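Here come two complexes built around chain A, the first alongside chain B, the second alongside chain C.
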Partner chain A sequence: MQSIKKKLSENILDKLSMDFLRNQVLKNAYGNDDTFIAKRDPRILLVWYVFFALAPWFVDDLPFLLGCFVLVAVTTVMAKVAPLVLVLFCLGVFSQTGYLFVVSLIFGGNAQTVVPLLVLTLKVASVSLASITVFSGLDPDRLSNGLMWFGCPEKLSFSISYAYRMLPMLMEEFQNVLLSYRLRGNAPEHDTLAGKVRYLIYQIQVIIHSFYPLMLNTAKRSRTTVEALEIKGYRYAAVNKEVKKMKLATLKVTYDDLLFLAVSFLWMAVVIFAGTLV
Partner chain B sequence: MTKRENATQSQKLMVFVLTMSLYGLATLFTELIPSIQVGIVEFSVEYFLFIPLVLAMLFDPMSAALGAATGELVFSEIMLGQFGGLGELEKFITVTIGVYIAGRMVRDPRNRKMVGIAAISGVIIQQVLGMIVDILKVQFAVQDFEAVPGLPQSVFATEGFACLNDVVFSGILFCMLPTLFLVPRLYGKIEPLIGMRPRTKETALGAVNAKVVLGSLVAFAVAVCAEMLAESGMSLIDWEADWAGSGTALAAGMIVAAVVAVIVLAVMKKRAESSKATQGV
Partner chain C sequence: MNVIEIKDLKFSYPGAKTPVLKGVDLEIEKGDFVAIIGNNGCGKSTLCKAMNGLIPHFITGDFEGSVQAAGVETRESDIGTLARKVGYVYQDFENQIVRPTVLDDASYACMNYAMKDYRERGMEALEKCGLSGKEQDYIWQLSGGQTHLLALAGALSLSPEVLILDEPIAQLDPHHADTIYEILKELNEQHGKTIIVIEHHTEYIGNYCKHAVLMKDGKIKWKLPVVEALQRVEELEESDIFPPQVTRAAYRLRTEGRLAEGGKLPSTVEEGRKTFADFIYTGRKENCGEPSPAGEKEETVSCENVSVSYRSVKGEPKQIFSGLDLKLYKGEKIALIGSNGAGKSTLMKLMVGLLKPSDGRVVLKGQSVGDTKPEKLSRYVSLVYQNPEDMFIKDSIEADIAYAMKVRNEEGWQERTEELLRRFRLTELKDRDGRLLSGGQMRRASLAIGVALQPEILLLDEPTANLDIATRKEIMKTLRDMKEITDTVMIATHDMQLVCEWAERIIVLSGGRVLADGTRDEVFGNRDVVEQVGIRPPEIFQMGKALDERAFCYTIDEFVHGFERVK
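Let's look at the complex of A and B:
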């Protein structure tokens, strides 16, 4: 029993190491730009996403929802999403509705309560899988270009591109600061329960303390970034129509994109047809 | 020197970038670290709101608030592919309102009492607004909400409890205490790095006034309206279906149209490829 417990906690700690998280995130962001989904035109994918993000909320027809779910599940497989993201998705969906179900049982609910909750789960699952397909399957640069084409604020697309470039550096810096605090600090013993609580508090304290140098460093870095942007005339370029046109000239809708839309449409039409027959 | 604190555009952008990257990084971790549930009390490090709170108290509150909301959206939602559409709008707006009001409340960052009060009020505002929207969301998503036995009470209970839990546990431990620790330490040190003068009583933007409250209420109404759209959309679709008469015929027509579209596109693609091939030769 003791050894299983130890192994389990080691295993979980292993999974939670900073390097593992960094790898998973980077893999998710950059790892799969050769899939069918990643090659699609971002504008087409966003239009596709808008449908699958909104339609499930409005419809209560079970065949329709199932059809949506199957389609977005297939596209998620096609996008080769990192496993961590899928695990998080499952945890999120089932913990939310499962928890709600248990509590509704306490308040005198019965098996009948399950049906609307299942419908709710199906809706949430379809919408989140659609978003995983689009936002995880697509290259960040292409995604931000697509958003820009639809007139999203320049700040948002700037933030997306910036985030993807800065994230590895920021994570490394955070890790370094954290490690230096750990090296200099004296962690309390954590054999007993009280010791474990103290150890947890100590860990949280270290994390909070490490934000102090991190804030100062990042302040310096963001000043450098903004000044570099100013030199390049960023704030004027951001609102200039000609610059935007040049930036978006690489976007091109191909026959494959339209085929993707048409096949999705066909599938939904078949589902609606089946729904009316039942 | 009694000029009001008016940062230049580039300083505002600096604050935006700073808050975005720091808060984004923090929310990314919290998204990845599973929370521990002991009974129904949830112990999670969910809340790193102290980062934007600290920065909003030291710098321009609006840039910090927008930066925090954008950071969360970009780093933890879009990068991990967890973008939830309408729901994110609500989170975006509630975080912005909470952080902005907390930042406006502090006139002198050296006044510890005020910093603490502002930090906890920011958390309470954000959590309560989030709770209201969450309850409305479930009400709209589930048809005949009132008719399902036990569901309404359970939703109110879970949401209310989660809100209380977040305010008491995460709010005090992970927001108020770190803010109290960091604000006095960073005061006077971090501002020169951005090229600004530290905030004092004279240069503060002024206390929270009616305009701020009104603006927040309007923004919150937008968030609620986004959820309300769901209900009106539902009735719209029903109405259209009635008008269309036979649903089966309509669906069959849609299938035919879709098949034709797929075939035409496939043929066009083939042709384009073959013409390219002949041109290439």
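Let's look at the complex of A and C:
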């Protein structure tokens, strides 16, 4: 029992490490580029997303919402989203509305109080899962190309893909700075409860202090990046319509994309039809 | 025909009191392979940035004189046009890569300049740089050497006439360094590119370059064919450039009157064979660098059946070690060698408790590292990172050095900080932010931080990477002084001269296990190991071996003393 407990706490601590976070972010961005969702044309997915991000807010029909939820849950599974994102999703939904739902059940809420809460929870969950499918299932480059096609400025789409390029580097830098604190700092003992609280405060302090070196190190690195972007004609491309056309020429709607839309459409039609029967 | 023509170029950065370039005149012919040499801060990088138009178009300042690149006056042109004439690869090349996948990055510039065939151009550049087959890889899957090749491919995709590389091999192991230079040679010979490198490694200059340009104090001192340039041993050493070891050995012998005057000094092992043809090996005169045969050795660290694996973005975790066994003893000077990715850094992280083995255990002074907090371990063992910037967590190096002692309420930490500042010659700089120091100062500061807690074991990850030879010498001197502070020192490095001059025990890591472990003779004398891991002994060692199979000369001193001319 003791050992299981130890293992469990080690496991949880392990999950909180910077290394793990970095790995999850990378996994989320690029680790699932061979799924069915990742291969979809970004424009099609964005259109699909607009429907599932808006429609649930305006409909209170339970079967319809359930249908939405099931569909986006399936697409989320298909997109092989990183576990961390799912954990955050569950936490998020629960903290928004889920806890009310549970509390009202415990305190003898009947169907009349539970149903509106269930509706709200389903709305939030469907919209969140649709977002996760699109933004986490597509790799950042395809996503930014899709956005650009719909007329988003080049700067935004470049920022998205560059942020993902920088993020692993930034996190590695952050990890190294934290390690420096870890090795040279003197963390308080955390065997007792009071010690644990002090330890937590210490950790937060360290994280805050880490931002100074992190920012400076990153600034130092980006000096080269800025020059390189200039040489590589980034500024030149931003004002050239031709370049935009070339970038978007890689986007192609395939048979599978239409199939994806058709299946989604069909499913929702069936759900709505079933809703009228009830 | 000249591809670069610089006339009376003067440049000073905004706010600087003295100009960096003080009237540079330089002509570089089409198809040349030029090395620009000179000590730190003599204006090499500034000069090169003037060639591709970054100066004055992007970095402004006082600019006088004229620079013509591929027939274009840089001042009247713009960066876009010039980028297609002159390609540039930075020293910190990983920051030059802006896209997540390989092909994307290689073709990015071409796309930005609206070239319809950008993909083909990217592919072609990748092929020339030996990266075919990696097109769809993500950039963080690449090794250091491959990342450098990608930066090169990115510059090459615009098919410039001139390629400039700022210290291309500073961070690479010898194998990757060779690859880079072989590719540059091919680009130069097969594709007619003019190549300009800023380089400290004279062995590579001797083997690959055609001309060398010496810069001093913002001026060109001379431009000579490489063979002649490397003859000027004194002049080069004055500028902190060290000619190839073979050349220096011949120079030493000549000044001692043991080699005939006249004729030219050899600059490669091949040439050395002729020059030293009538020399014979007389055996080793001194026995430095061998471990003292003291009886009982006290064990300080031991790895018992250690396995480690890393999470990977895709697929199975990557296994670094499986079942590693290793013991380190008190007072040893250990060099840890092996190619990039062999697990050197991982082993060091294991010892300071930053990584936990998935199996087995690491024991430090009788305590298992896994059960002890890193904060506690830092009393016994200290790690100095490869990248000194990551060691600086405060806004002055004084505060950084004091930090570990201060938070532990060490008695007399103020005095000790002062003493460390003095010992590492940092007193003048104590209020500066570590990041803003020069390479050598930064390295010294990181060493001072590393030994602040007087650890018994000091681990150094690549302490001489990215340093010019003079700074390197300085760090080696500091390492020798360190003997008074710590007992056991372990260095992970690619720098074989450092290994040979300093280490008593050499551990060779390859594929997650210890491939060889012993003295210099045991490691470098073992041909299987040398070939399998691709470690390259210093040039002088190869020279000795080329003359006599029995010779083991690791330093110029040993060579000069070990060989005698037959009368």
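Definition applied: the second predicted complex is superposed on the first by the 247 of 278 C-alpha atoms of A that agree within 3 Å, B and C clash if a C-alpha of one lies under 4 Å from a C-alpha of the other, contacts with A are read in each partner's own complex, and residues count from 1 in each chain.
Heads up, the rule we're going with is that a contact is a pair of C-beta atoms (placed from the backbone, for glycine too) under 8 Å apart; a residue touches a chain by one contact, two chains touch by 3 or more.
Since this is a predicted model, take the numbers as computed values, not measurements.
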| item | value |
| --- | --- |
| Chain B versus chain C as contact partner of A:V47, first or second or both or neither | neither |
| Contacts of A:L62 with chain B and chain C, given as first, second, both or neither | neither |
| Partner chain in contact with A:E242 - chain B first, chain C second, else both or neither | second |
| Touched partner set for A:S210, first chain B, second chain C, both or neither | second |
| Chain touching more of chain A, residue-wise (chain B, chain C) | B |
| Touching partner for A:E230 - first (chain B), second (chain C), both, neither | both |
| Partner chain(s) touched by A:S159 [first = chain B, second = chain C, both, neither] | first |
| Which superposed partner A:M78 touches (first chain B, second chain C, both, neither) | neither |
| Contacts of A:N186 with chain B and chain C, given as first, second, both or neither | second |
| Partner chain(s) touched by A:L251 [first = chain B, second = chain C, both, neither] | neither |
| Footprint overlap on chain A, comparing chain B with chain C | 140, 162, 164, 212, 216, 220, 222-223, 225, 227, 229-230 |
| Residue numbers on chain A that touch chain B, as the complex places them | 16, 21, 24-25, 28-29, 53-54, 57-60, 81, 84-85, 88-89, 91-92, 99-100, 103-110, 112-113, 116-117, 119-120, 123, 127-128, 131-137, 140, 143, 155-156, 159-160, 162-164, 166-167, 170-171, 174, 204, 207-208, 211-212, 214-216, 218-220, 222-223, 225-227, 229-230, 235, 255-256, 258-259, 262-263, 265-266, 269-270, 272-273, 275-277 |
| Complex contacts: residues of chain B adjacent to chain A | 9-10, 13-18, 20-22, 24-25, 28-29, 31-34, 45, 50-51, 54-55, 66, 70-71, 74-75, 77-86, 138, 140-144, 148-151, 153-155, 157-158, 173-174, 177-178, 181-182, 185-186, 189-190, 193-195, 230, 233-234, 236-237, 247-248, 251-252, 254-255, 257-259, 261-262, 265-266, 268-269, 272 |
| Chain C-facing residues of chain A, complex | 19-20, 23, 26-27, 30-31, 139-141, 161-162, 164-165, 168, 173, 176-177, 179-187, 209-210, 212-213, 216-217, 220-225, 227-234, 236-237, 240, 242-243, 246-247 |
| Residue ranges of chain C in contact with chain A within the complex | 52, 54, 58-59, 79-80, 83, 88, 90, 92, 95-101, 104, 108-109, 111-114, 116, 118, 138-140, 154, 311-314, 352, 354, 373-375, 378, 382-383, 385, 387, 389-393, 395, 403-404, 407-408, 433, 435, 449, 452-453 |
